[in-house]
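In the two complexes that follow, chain A is the common piece, with chain B as its partner first and chain C second.
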Partner chain A sequence: MRLINQIPSRPSAIMLATIPFFLLLIAYVVGSEIRLAANPQDKLLPALNTIGSTAQRLFFEPDRRSNEILLWKDTFASLIRLSMGVGISALISLILGMVIGLLPIARSSLSSFVSILSMVPPLALLPILFIIFGLGELSKVVLIIIGITPFMTRDLSQRVLDIPTEQLIKAQTIGASSLVIALRVALPQILPRLIANVRLSLGSAWLFLIAAEAVASNVGLGYRIFLVRRYLAMDVILTYVIWITVLAFAVDWVLKTISRKAFPWMEAGL
Partner chain B sequence: MSFVEVEDIWQAYGDRSIIERVNVTFDEGEFISIVGASGCGKSTFLRLLLAQERPTRGKITIDGGAPAVEPNQERGVVFQKYSVFPHLSVRENIIAGTGFATRFGYLTGSARRKAREAADEMLERIGLNHVADQYPASLSGGMQQRLAIGQAMAAKPRVLLLDEPFGALDPGTRLQMHDFLLELRDETNMTVFMVTHDLDEGFKLGNRVLVFDKPRWDPHDPGLYGATITYDFDASTNGIPFQDILDRYPSLAEQTQLAAE
Partner chain C sequence: MTYKNILSAAVLSAGLAASIAMPAAAEEKTDFQIAWSIYVGWMPWGYLGESGIMDKWADEYGITVEIVQFNDYVESINQYTAGAFDGVSATNMDTLSIPSGSGVDTTALIVGDYSNGNDAVILKGEGTLEDLAGKSVNLVELSVSHYLLARGLDSVGLSEPDLDGVVNTSDADMIAAYATNDVEALVTWNPLVSEIVTNNPDANVLFDSSMIPGEILDLMVVNTETLADNPAFGKAVAGAWYEVMSLMAAGDEDVLTAMAEASGTDLEGFKAQLAATEMFFDPAAAVAQASSPELPTTMTTIAEFLYDKGILGEGAPSADFIGIEYPDGTITGEAGNVKLRFDATYMQMAADGAL
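Moving on to the complex of A and B:
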């Protein structure tokens, strides 16, 4: 039987899925053992139980000075920035994408502008943002918006253009105005794509958020990681990295579930 | 005064003429089949009727009105595919036939109730009431085309345009769709234009068959001349002409008797 036709059964598929995680874990444990055996004070690859106890301390024990649990405070601050940035980007790109996709006039004037704009490296603009918007929340949110809006807009406008002409003609023959075509033909078919888009752009959004927090902030997940870097506190950094990964995974899963529940017509053909 | 008047239509894209010198009139309630080889302008002609394109020269009027500049409610259309909205349920698709003409595309209150009843009636008629709450993607090709026709009819167009509506269906489903369309034609007396590849289908369904072809051909510049209507058949009696000539001209009956003797 050809390799391309060999499909794993459900149990073996689950096992195959766990193998890379397992291998990574083993590699880490072995490396950590070797280094700790050579030098028990080594901070580079802390043992798993060290990370475990650090995680417990970070999640449940309040900071001695401020009497607050810093991890939750960081998480809250970062998630607020992230959701504001991504939410505003989604809204802007939805409106722009629909306008560019549906109206030839807007397409002529905006589409090349947006594609040029998406070539500007957002992190290069970070100093400008700090100068204009100060070091507060605004500059971090704006960085996320500048970073992900142009390519979301490009993708969404392309999706609107991909709607078959037949549908648009049909809508016109049953009396739909431009507004009705936008609201009832284009918008509902573009919304699932918007969610998919948000899922894809969340990776970049996290990148921009952590970069902005690392440069100038006093609270936030990225800020904390770069702060404890000075003390070589790998156990804290690793806990935060794992926590950010879990958060990103959870947000992605929620969006995927929403998409599946809200747009049953997408799967009607399957 | 004819219902649909086509006056000296020319259509060219750049230097390439697609159709030329088309002059034809249609009466209300006619079922016109349009046949011809690929690339001979029959779909272009349909797009002109639909007002999806404006002709380079000439004009098309319906019931003496002004020539349309964009598709409107006077013209219903069913394409080979993509004619229904995939994100609306079957019933919502029919309701859209009336609902989309409102300001924001939604019907409310009693108007919505009435549209719903009308939609259920239409679904009954096109035989889709058992799948009213499903989405189009879960229907077969034939059912989707029936839905597309129902949706177009719900908007009550003056003329119905069909662009190879059964092109993507299997032969059995095709025959069923023929029966469905013939019934619909008898019930509604709607003016229908149908583009088809299939001559049999054209003669079976239409009571008039137009053939598009290029009568002039320049071997040095094939794009110079466009196609035009080369034949205009009366297909009302299964496509065999003069079947009812004795009914129309009873005086001929005596002569045929004499000739027989």
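Moving on to the complex of A and C:
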């Protein structure tokens, strides 16, 4: 039997899925043991039970100085910034994508501009963003928007262009105006793509969020990570990293479920 | 995949992890690496690496010493703490909080200088330290800037809770931050201080490190075990350092210009920064600073500040659980857990011309 035709059975598929996690865990534990044997106070690779007790403290015990549970405060602040940034980006890219995809005039004037804009590295422009938008919440949200809107727009306008011409001609023969074509023909086909797009852009959005929080902030997941890095509290950093991964995974799952329920005709991918 | 296969793969990956996770074990060796980052008092490290002075001294003792520049100061200390380097340029405060706090026994081989105005609390507009009450202050949290602010507030009977809060701001973006309307006051170090003060007529320096002389020390710290097993390393590094110090003390323009260019300024700018730095050109002066009777008090104050901010770790039982040893053998803090040592031996050798 050819290798490409060998499909694992359900139990072995589950086992195969756990192997990479298992290997990573073993590698970590061994590395941690070796370092801790050399120096019991080593902070670089804390033992799993140290991370466990740190995680318990971070999630449930209030900070002894501010009397607040910092992790939840950080999570709340970061999620608000992230959802505002991603939400606004999704709205802008949806509108721009439709306009560029449907209207040749808009395409001529905007499409190369957006393509070139999507190549600009936003992090290099941080000082300008600070001076225009200040050091508060706005500049963090704006960084996410500048970071992800251009490529979302490019992708969505391409998807609109991919709509078969036959559909557009058919709609016109039965008297649909440009607006009706946009709302009734293009929009329903683009919405599932928008969700897929948001899912793909979440990784970059987190990156920009954490970068913005590292630069100037007093609350947030990225802020805390960069703050405790100053005294190498890897137990705190690893807890936060795992937590961010869980959050990102949960958000992704929610979006996938929404996409599947709302647009059953569109096969949800990976 | 059989159980055996999984096991062998696991052992293989574990071996790989072990090889990268191995901390630098102290033993007799001939190749050393020290890390440094850009700061006025540390520019000589870059120069002695590039000019070949380090190699000359290393050859004399039959070893090699590689000098590696980091763009990120905290990362250089973290790398040293993790065991990737034998020594690193750091302040006394960061040495206590990062390597010593992580249980890496560390020795201050060279006391290079103390900040004598290089770190400053700057207010936008007129006012005094008392006016900081109710304002937010931008600074690199948990750094010497934060310590300076605490000392400044303390001098007028205020403390951090009297402020509207501190906002952690990256030093790389401090100049841009000053230009925004949100920022009312900030604490930072040179060359940023002179950049901000020169370009902004409204910048008002409220408090600077010249008001707490000898508290913010710039050091070259090395792994204690490595140094104990390899005295040649200490001798070569101290010898090379004090050769450059004598060139600087003599006002060698070529040397100073090279350092100025490496730090992104010109000769005049570099001289202005040096004026706010009390460099110990003479090894005897460095020995005197390391042996100063005020040093234990300073280090105890710093340890209390670090403990108060939670930097010594949540597991730290008290501010003095890390022992600090001074050149005369006295110890502050926990004598059974000495992790930071001020050792004047090699500086004394330089002073005696014994290198």
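Basically, the second predicted complex is superposed on the first by the 266 of 270 C-alpha atoms of A that agree within 3 Å, B and C clash if a C-alpha of one lies under 4 Å from a C-alpha of the other, contacts with A are read in each partner's own complex, and residues count from 1 in each chain.
Here is the rule we go by: a residue touches a chain if its C-beta (ideal position, glycine included) is under 8 Å from a C-beta of that chain, and two chains touch if they have at least 3 such contacts.
Computed from a predicted model, the values in this text were never measured in an experiment.
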For this session: Following the overlay on chain A, give me a clash-or-fit verdict for chain B and chain C.
Result: fit
For this session: Check the residue A:Pro264 against both partner chains and state whether it touches chain B (first), chain C (second), both, or neither.
Result: first
For this session: Check the residue A:Pro164 against both partner chains and state whether it touches chain B (first), chain C (second), both, or neither.
Result: first
For this session: Determine, under the contact definition given at the top, whether A:Pro11 touches first (chain B), second (chain C), both, or neither.
Result: neither
Problem set entry | Contacts of A:Ile26 with chain B and chain C, given as first, second, both or neither | second
Exercise. Once the shared chain is lined up, is A:Ala38 touching chain B (first), chain C (second), both, or neither of them?
Worked result: second
Problem set entry | Partner chain in contact with A:Leu183 - chain B first, chain C second, else both or neither | first
Exercise. Is A:Pro104 in contact with chain B, with chain C, with both, or with neither (first, second, both, neither)?
Worked result: neither
Exercise. Which partner, chain B or chain C, is in contact with more residues of chain A?
Worked result: C
Problem set entry | chain B versus chain C - smallest C-alpha distance in the overlay, whole Å | 40
For this session: Determine where on chain A the residues touched by chain B overlap those touched by chain C, and list them.
Result: none
Problem set entry | chain C - residues contacting chain A, complex | 1, 6, 9-10, 13-14, 16-18, 20-23, 25, 74, 78, 81-82, 97-98, 101-104, 138, 141-143, 165-170, 172-173, 175-177, 179-183, 310-314
For this session: Can you check the complex and tell me which residues of chain B touch chain A?
Result: 50, 52, 70-73, 75-77, 79, 81-89, 96-98, 100-106, 134-138, 148, 151-152, 154-155, 157
Problem set entry | chain A residues within the chain B interface of the complex | 164, 166-167, 169-177, 179-180, 183-185, 188-189, 263-265, 268-269
Exercise. If you look only at chain A, which of its residues touch chain C in the complex?
Worked result: 15-16, 19, 22-24, 26-28, 30-32, 34-35, 38-45, 54, 57, 64-65, 126-127, 130-131, 134-136, 214-218, 223, 226-227, 229-233
